[in-house]
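Labels run A, B, C and D following the written order; every chain starts at residue 1.
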Amino acid sequence: MIDKSINNVAEAVRDIPDGAVVLVGGFGTAGMPVELVDALIDQGARELTIVSNNAGNGEQGLAALIKARRVRRILCSFPRQADSHVFDELYRAGSIELEVVPQGNLACRLEAAGAGLGAIFTPTAYGTQLAEGKETRTIDGKHYVLEYPIHGDVALIKAHRGDRWGNLVYNKSARNFGPIMARAARCTIAQVNELVPLGALDPEAVVTPGIFVQRIVNLAAGQALAEGLA
Amino acid sequence: MIDKSINNVAEAVRDIPDGAVVLVGGFGTAGMPVELVDALIDQGARELTIVSNNAGNGEQGLAALIKARRVRRILCSFPRQADSHVFDELYRAGSIELEVVPQGNLACRLEAAGAGLGAIFTPTAYGTQLAEGKETRTIDGKHYVLEYPIHGDVALIKAHRGDRWGNLVYNKSARNFGPIMARAARCTIAQVNELVPLGALDPEAVVTPGIFVQRIVNLAAGQALAEGLA
Amino acid sequence: MNRRSREELAARVALDIPEGAYVNLGIGLPTTVANFLPAGGDYFLHSENGLLGMGPAPAPGEEDPELINAGKQHVTLLPGGCYFHHGDSFAMIRGGHIDICVLGAFQVARNGDLANWHLGDPDAIPAVGGAMDLAVGARQVYVMMEHLTRTGESKIVERCTYPLTGIGCVKRIYTDLAVIDVTARGLEVRETVAGLTFEHLQSITAAPLIDGRQRSALA
Amino acid sequence: MNRRSREELAARVALDIPEGAYVNLGIGLPTTVANFLPAGGDYFLHSENGLLGMGPAPAPGEEDPELINAGKQHVTLLPGGCYFHHGDSFAMIRGGHIDICVLGAFQVARNGDLANWHLGDPDAIPAVGGAMDLAVGARQVYVMMEHLTRTGESKIVERCTYPLTGIGCVKRIYTDLAVIDVTARGLEVRETVAGLTFEHLQSITAAPLIDGRQRSALA
């Protein structure tokens, strides 16, 4: 029997090495896998490269990871936000590297990684600062920039429900980068609010097939366990 | 109020011009939009370019369209089948052009069209006859072939249920090329077994958002109408 | 002259959005255009974080932290709306499936170049979001902005001095003073607010304008 | 010698598929490997037409024309299986998410080149399906085939004479006579059927073999 579920976030992230490229789901706080990121802070891995749409909000989740000085480099589309003060301060101090990637290029570079493409010609950012130094080509009269896949060593994502084979469904706009990060990483770790029996998810409505998920953490079980121990 | 539904297959295909590039869903007979293809035969458009996984089965649907000599050229991954005698005969007679495209390249070229990419480096077919004369590149030690998007003027697809905004869900392995063809064509025409009220489809489980669908034909209504007229 | 308020500007943009259009409204001022679309009509609002058929803000107390728009504001989903991931969402944008995108801008150039993501300050933290994808992908890119900066400089320019978001992408500019189309002939003024002459508009605009205002037969 | 039957060959391949593997079984003979996977274990069968967690053939009378495998045979879906479109399906294949793919072959070359889609006859109608994607995308490509053609020619060759499906992609070859790994050193024979010597196998094989059979300590 194959059971990818783990009841404990600490166990789920235990082997993420220093220097890993970690894809972190979420758009702002929606879909941010806060519990997994907190576990990664406790775990202690350093010199991480983070790929995420934003560079952390407030003091939680990704912001806390950055504040703990575990992140060497971050790729994101929109670091600067009203509540991104943790990132802002380290960036201005020169303590964190930033690569700004247009949101759609972030998406299609992750998709290219997941699908095994070597590179893609995307129209986004042609003629702008963000395409400086990049290969370009005109195809059928339109201009394109060559962009390369973004592969993750690990993806940390938040889904709504999952089963022991790793099949996932999401909740509303918390879906965002989850499905495309899941397929772009060698090891995808998903936290779910509920682990359901095999066959309980509608096979027509599974958003992330289990093939893209290596570990699934049932937060409800973790909480029940913690309460039992308390 | 926007209502993309049409009760009549003839009406749905009325304006497909001679010479159009028509994407036809289906893998074998599963997901083949037989009623729409039959309507296209009746409609009379000629010199079509067809993009479909197969080149027709038996005497129905795509096979009938080919038999009616409406197809100048076909792009597909697997024309030769036990029951592809209609295509086989015309091909051997030199009456139809064939471009064989590996199934995954067919898929990702349709996806590239739908997503607005200019070209993609795909590993499939590198070093084979099907990549002869094509641009290649080695990226991170792996070999890739440059492939271009396949845009359709029209897509004819079969879904299971839909609503008046064009949202679609499919049935089992009849899903196959439907969702990626829908987004690769300028005008996507979907036949559905059932038209449901707006909001009846679970927003988490819509497979093809209505933005990719221009016309939706409710076969059940068409049949009811035909029976009423008979 | 009769400078348009922010609400009047949003209402004016809304007038040009036909029923059935797939529309992405940028963060900030463009988002308010939604408030002026006729009630009862089917307008398909897209949000790049994975929503189509976005509805208005929820009633107080009914906010869902996992149902937000690209500006990270709480929203709702209409019956017939749906959710999808970022890959699909930007396929909609880059693939030419969005009919109209309305964006704010720092500058728009005579040739339709758009600058709206970065003021070029080397100390600023750059952040682009989906602006470059929208600029290049939407079939029609409309800009809505104040005609002048707070210090009175024209935001319509011969050539952008701020870093570009997209080249030659803007089709129409809505300001508090005028509606201007970017055409092969140049910047064609379609409307001016009451009490504003073409000459006055030109005098405060840092790029040559063409008077393309249509006079009704009755005028 | 003890030539393996088609069933024995399928059973032998099945032995090398670990529980939990994501596996694509090619059309024809490879499909039958599924029949020899241990009951009760979780094996994830992928079919390129959009199935993961494919189950056995349905009971007679329960066939669903819209639930078929890549060979267009009626199949079932296990609880925990799911459906997806061709884009996602080939992302699984090309993206390196399929652990093992088992394919038939016309020829396999010493360096792992695979020929299985076309006999090169100029009159033949070419048809490739998903073979080239599987050849390049699956982490491990296994071939199962008869060692010799009907006319007695070796299907293992120095260099393929038929058009290639993929270059250097085959990792292991299962024939009715032997199991052979394609390694950097060449073709290493791992097993031969009872009664077949290495020398005999080499004599009927059109590429040099290396005797890599492990002898148990008790032999």
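The rule we apply is simple: contacts are C-beta pairs under 8 Å (C-beta built on N, C-alpha and C of every residue); 3 or more make two chains touch, one makes a residue touch a chain.
Everything numeric in this text was worked out from a predicted model, so none of it was measured.
> What is the distance in Å between the mean C-alpha positions of chain B and chain C?
Using C-alpha averages as centres, the distance is 35 Å.
> Determine the centre-to-centre distance between chain A and chain B, using the mean Cα coordinates as centres, and give it in whole Å.
It comes to 33 Å between the two C-alpha centres.
> For chain B and chain D, what's the span in angstrom between their mean Cα positions?
Computed from C-alpha means, the inter-chain centre distance equals 30 Å.
> So which bits of chain D are touching at least two other chains?
77, 83-84, 87, 90, 93-94, 137
> Please list all residues of chain B that touch 2 or more other chains.
108, 111, 115-117, 122-123, 170-172, 204, 207, in rising order.
> Between the chains shown, work out who touches whom and classify the graph as line, ring, star, complete or other.
other
> For this structure, enumerate the chain pairs that meet the touch criterion.
Per the contact definition above, the touching pairs are A-B, A-C, A-D, B-C, B-D.
> In the complex, go through chain D and note every residue touching chain A.
Going by the criterion above, the answer is residues 19-20, 22, 40-42, 44, 46, 52-53, 77, 79-84, 87-88, 90-98, 137.
> Residues of chain C touching chain A in their complex?
Touching chain A from chain C are residues 47-51, 64-69, 72, 77, 83-87, 89-90, 93-94, 118, 123-133, 136-137, 163-167.
> Quick one: in the complex, what on chain A touches chain B?
So the residues of chain A in touch with chain B come to 108, 112, 115-123, 137, 139-140, 142, 144, 148, 169-172, 202, 204-205, 207.
> Considering the complex alone, what residue numbers of chain A touch chain D?
1-2, 111, 113-117, 163-165, 167, 183, 198-199, 201, 203-204, 206, 209-212
> Across the complex, what residues on chain A touch chain C?
27-31, 53, 77-81, 87-88, 91-92, 98, 100-108, 110-111, 122-130, 143, 170-180, 207
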